[in-house]
Amino acid sequence: MSFTVVKAQPGGELPGGEALTWSDGGLGRREFLRRACIIAAGVVGLPSSAAAKMYEETVVKGKKPSVIWLHFQECTGCTESLLRAEHPPLDDLLLDLISLDYHETLLAAAGKQAEAARTQAMRANAGKYILVVEGAIPMKDNGIYCKVGGKTAVEILNECAAQAGAIIAIGSCASWGGIPSSDPNPTGAVGVTGALKGKTVVTIPGCPANPYNFLGTALQFATFGTLPALDSKGRPKFAYGRTIHEDCPRRPHFDAGRFALKYGDQGHRDGWCLYQLGCKGPVTHANCSLQPFGEVPGAWPIGIGHPCFGCTEQFVGFSIAQSTTVPIENPTPSTTFAAVNSGGGKMGVAAVGVGGAILGAVVSAGYKFSTTLDAEKPSADEEA
Amino acid sequence: MSHATAPVGGRILTKPMLVLLGLFGLAAALLLWRFIQGLGAVTAMSDRYPWGLWIAYDVVTGTALACGGYALAILIYILNKGRFHPLIRSAILTSALGYTLGGFSVIVDLGRFWNVWKVPTLFWKWNFSSILLEVALCIMAYMFVLWIELAPAFLEGAKAAGNPKLRRLAETTLGPLEKAMPFIVALGLLLPTMHQSSLGSLMMLAGQKVHPLWQTPLLPLLFLISCICMGYGVVVLESALSSTYFGLPRETPLLRRLGRVVAPLLGLYLVLRLGDLAIHGKLGLIFTSGFFSVLFLAEMALFVTPIVMFYTEAKPKLGQLFRGAMMIVLAGALYRFSTFLVAFRPSKGWVYFPSVGETLITVGLIAGEIAAYIFVVKKFPILQSRPQRATVRRLGADVIDRLPIPSTAPASGD
Amino acid sequence: MSLSRRSLLKGLATAGAGIAGLPAAGQAKELKRRPDDAVGLLYDATKCIGCKACMTACREANGLTAAERDGKWYDPQSLSGNAKNVISFYRGPKGEESFMKMQCMHCVDPACVSVCMLGALKKGDKGIVTYDADACVGCRYCQVACPFNVPAFEWGKATPKIVKCELCRDRLAQGKIPACAEVCPRHAVIFGSYTELLEEAHRRLATEPKRYVPKVYGEKDGGGTQVLYLTAAGIPFEKLGLPALGEKSVPSLPETIQHTIYKGFLAPVVLYGALGAVIFRNRRKSAAGGEEGDA
């Protein structure tokens, strides 16, 4: 597979050189989309034969799945993240691969018309549409802290989820509550699984979520009607099965015990491990080091020299202070070795002191006692 | 001689008693910690030193110290030296308490103690190759035997006490108990022979991990002989201490005779020990083993000196007997500590010394044992009664010695 | 002498008679044989690169979790309640270097099995030495007896167990091989039937004699083990922590002595009878008046 390197569109140029962009100028729409499907399939871990099927179903046969995208307590960062994806770019995604029937940010319509579009699409695609949720759902006081079109978030969610074919929670807020849920959580914000019981929800945590994790999942469902293997929190294992620590490019520094101890010190400048600065990589499940977010590899926290924040993990991101170090979830040996016989055991100074003193006391007491016996005058009957 | 023994009487909660109980209470608190947090939290034991103070002292040395009853029983019931009989009851009490302490310490030391009931009951799982199994079963049985041997004392005490129900119990059980005593005493001679020697055999399995000056196939025999010596030693110590602290008549002539019994046994131990080293060509090691040479020579000195004392002195005084007995006890203890701990070096660079917690628990348990001893002798007829002193003076020691040998249990009724 | 010769001899003779009534003493303990389907490992120290993938794989396969050093790394310094397999490093005085893999040796006649009271440790299928916590009282005699210091104890737990390699027998039951052998990138440790492994070890010694110390450790050592070792020429096995044990297994002598003395429990019963007889006789004598005194 080769990419055509073309000059970036105006405004899309990166400092320092050519940008690698997809442009329909070089390849032709269909070929381009075919390649987009291959990449999307690769992201999810499906073979290239799956990509062919994806292409056929969506582009050739035009069977684009309906997508209803809800926004609740969110910053729209996940949508923005998706917008910056280039393969496939969002316009191609929207026009050729899926049918985005409701999206508050991107929809041209507004107000009652928008709501009508939603309910119509839901009716027409009942049981088949993909429901994507972005943002947390407030539960306190019957959920009045987020209302769209006069309905509370939790009402809308339940209404839309009833007939959904698949439910995807994109971003940490929708996955487990995210920023809105951090202490003291005044609105009672929860993720989709907290507001919706008894349904399979794919969660794609991250702040923002990696758009390719979402794209791979959505396209798999769109093509095959199946969801990728999920872990106990509903996260696709292909993306969230391992911790950042396990795939970190700075791991050799960790294993050798080379740590940056202060921002800007020599170790930091040399790119050493950021664990001592509070990197949450060891407890954070995500694939940020393997799958770049935007089109700039290395544009992620550790890549730019900042310790991981743990944004995908509930109780880590927005919960534990950045500078606090965390235990290692899956410890493996370091680069140092034990000696064949490394010694061990305890011989405490106090212990020796106490033991010796007691023994000494007993023996000397016994000896002293025997001298008092010596001093005694034996009675007649003892002389037998 | 039931009428020759009597409760010492007197207040139970004296100052020394309170000190002892205080130490025991400290041990109990530490034990709670041990059971909640695990052995590693309280002891200094490690994977290379899995047996520490509690095994080396509480179980191995402690039970050897508790062999006074066994050693005396050999003299009295096998060699028919009835004159030693006045010593037997307190020796059996010391033995019973010592073995109970040892048994309790085993439970404390076991990592999975809740499974210990399986050892005597799940007989189909018994591994007959395991020497430790034999030790465990023997000790369990022997503990039982010791308390039964002591039962007449408790029953007599109950009889003398006010309670009519207890008196009736005593009256009905004392007779049959007396009849059964020979079988029980024979058991009380067989079982320690088996397990005290096996305690030595335990360390044979450690092979090269025990220093060659201590590792030998003769371990069972050496442990048996030294345990009998320690038993006599303890009898002397205990007699001297009790007669002092409870104001009872001295038993020095008997103790002298014990000294003369023990001396050849100590000699036998030394002959076997050194002879074994000679046969296996290990004599050279005695002087070329650095720290272990010192340890070995200290052990030899402690075994030899009492022999010299008891042979050079025609009539050793009580103080000398006491010092000799102390040395015998220390000799046997040193031998056991060496075999199990000090001369046990499984890997270079690993060390062990009992932690403060371990030591305090052992000290507290011993304090509890002593407190129990004091309580029992004050309440029950274990030690010689005071009037005995007058009787002896009146009748003369010779006459007393020629009185009929009492049956192995006191005659029922007075 | 205070004891009359007569009384002493009499007393000892009666006891001795009991023991003398033993059947013909000590047939030596039958030498234990390797089971025909014995499996094991062959570790070739010259191939090991110290990557410790086997340690990680063992840790995962056995559900051992805690980090060992500063809470960050899984760095057990020796076998422990948290480590059934440890890679260590040896550097000699002339700069010679070798890695060493340590885990249970699965001896043919294991000392730990011999001493275990209720058989919690026993030689199971295919000769693997297995552990059953239900029969274990935590006496730790196995730790005292093992010449390789393998069994580890969970000192930090209120409900501790003995922990040691069991050749991944759960994985074997599923048709897989031990995790360490599966993951080793250089095949420094391999798994197979004992006979195949021994053949392979000798083949290597024959093909490259200058590379190795000319001996397969475990073939006869300590009565034989099912885990075999090859070491680089110039690095003796003792330096890697494998003691010089001779060809007899650790339990062979003590078991012979124990079985001889207690065969069929005859000796204790006879001794008991003898003791009882002496006691009764002495009682009768003393009832008739007069004791055996000293002169």
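Order as written gives the chain letters A, B and C; numbering starts at 1 within each chain.
Just so we're on the same page, contacts are C-beta pairs under 8 Å (C-beta built on N, C-alpha and C of every residue); 3 or more make two chains touch, one makes a residue touch a chain.
In this text the structure is predicted, and so the values were computed from the model without any measurement.
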Measuring centre to centre with C-alpha atoms, which chain is farthest from chain C?
A
By number of C-beta pairs in contact, which two chains lead?
B-C
Distance between the CA centroids of chain A and chain B (whole Å) is 66
Distance between chain A and chain C based on Cα centroids, please, to the nearest Å.
48
If you average the CA atoms of chain B and of chain C, how far apart do the two points sit, in angstrom?
32
Which positions in chain A are in touch with at least two other chains?
341-342, 344
For chain B, residue numbers touching 2 or more other chains are 46-48, 347
Sequence positions of chain C contacting 2 or more other chains
78
Mind pulling up the chain A residues that touch chain B in the complex?
341-348, 350-352, 354-355, 358, 363, 366-367, 369-376, 378-384
Which chain B residues qualify as touching chain C in the complex?
35-41, 45-48, 50-51, 74, 77-83, 109-113, 115-116, 118-119, 122, 125-134, 136, 182-183, 185-187, 189-190, 193-194, 198, 201-209, 217, 220, 257, 260-261, 344, 346-347, 402, 404-405, 407-408
Write out the stretch or stretches of chain C touching chain A in their complex.
50, 52, 55-56, 59, 66-69, 71-78, 86-90, 99-100, 239-241
The chain A residues in contact with chain C across the complex are 254-255, 275, 327-328, 331-334, 336-342, 344
As the complex stands, chain C meets chain B at residues 1-3, 7-8, 11, 14-15, 78-80, 111, 113-119, 133-141, 143-145, 147, 149, 151-161, 243, 245, 250-251, 253-255, 257-259, 262, 268, 271-272, 275-276, 278-280, 282-283, 285-287, 289-292
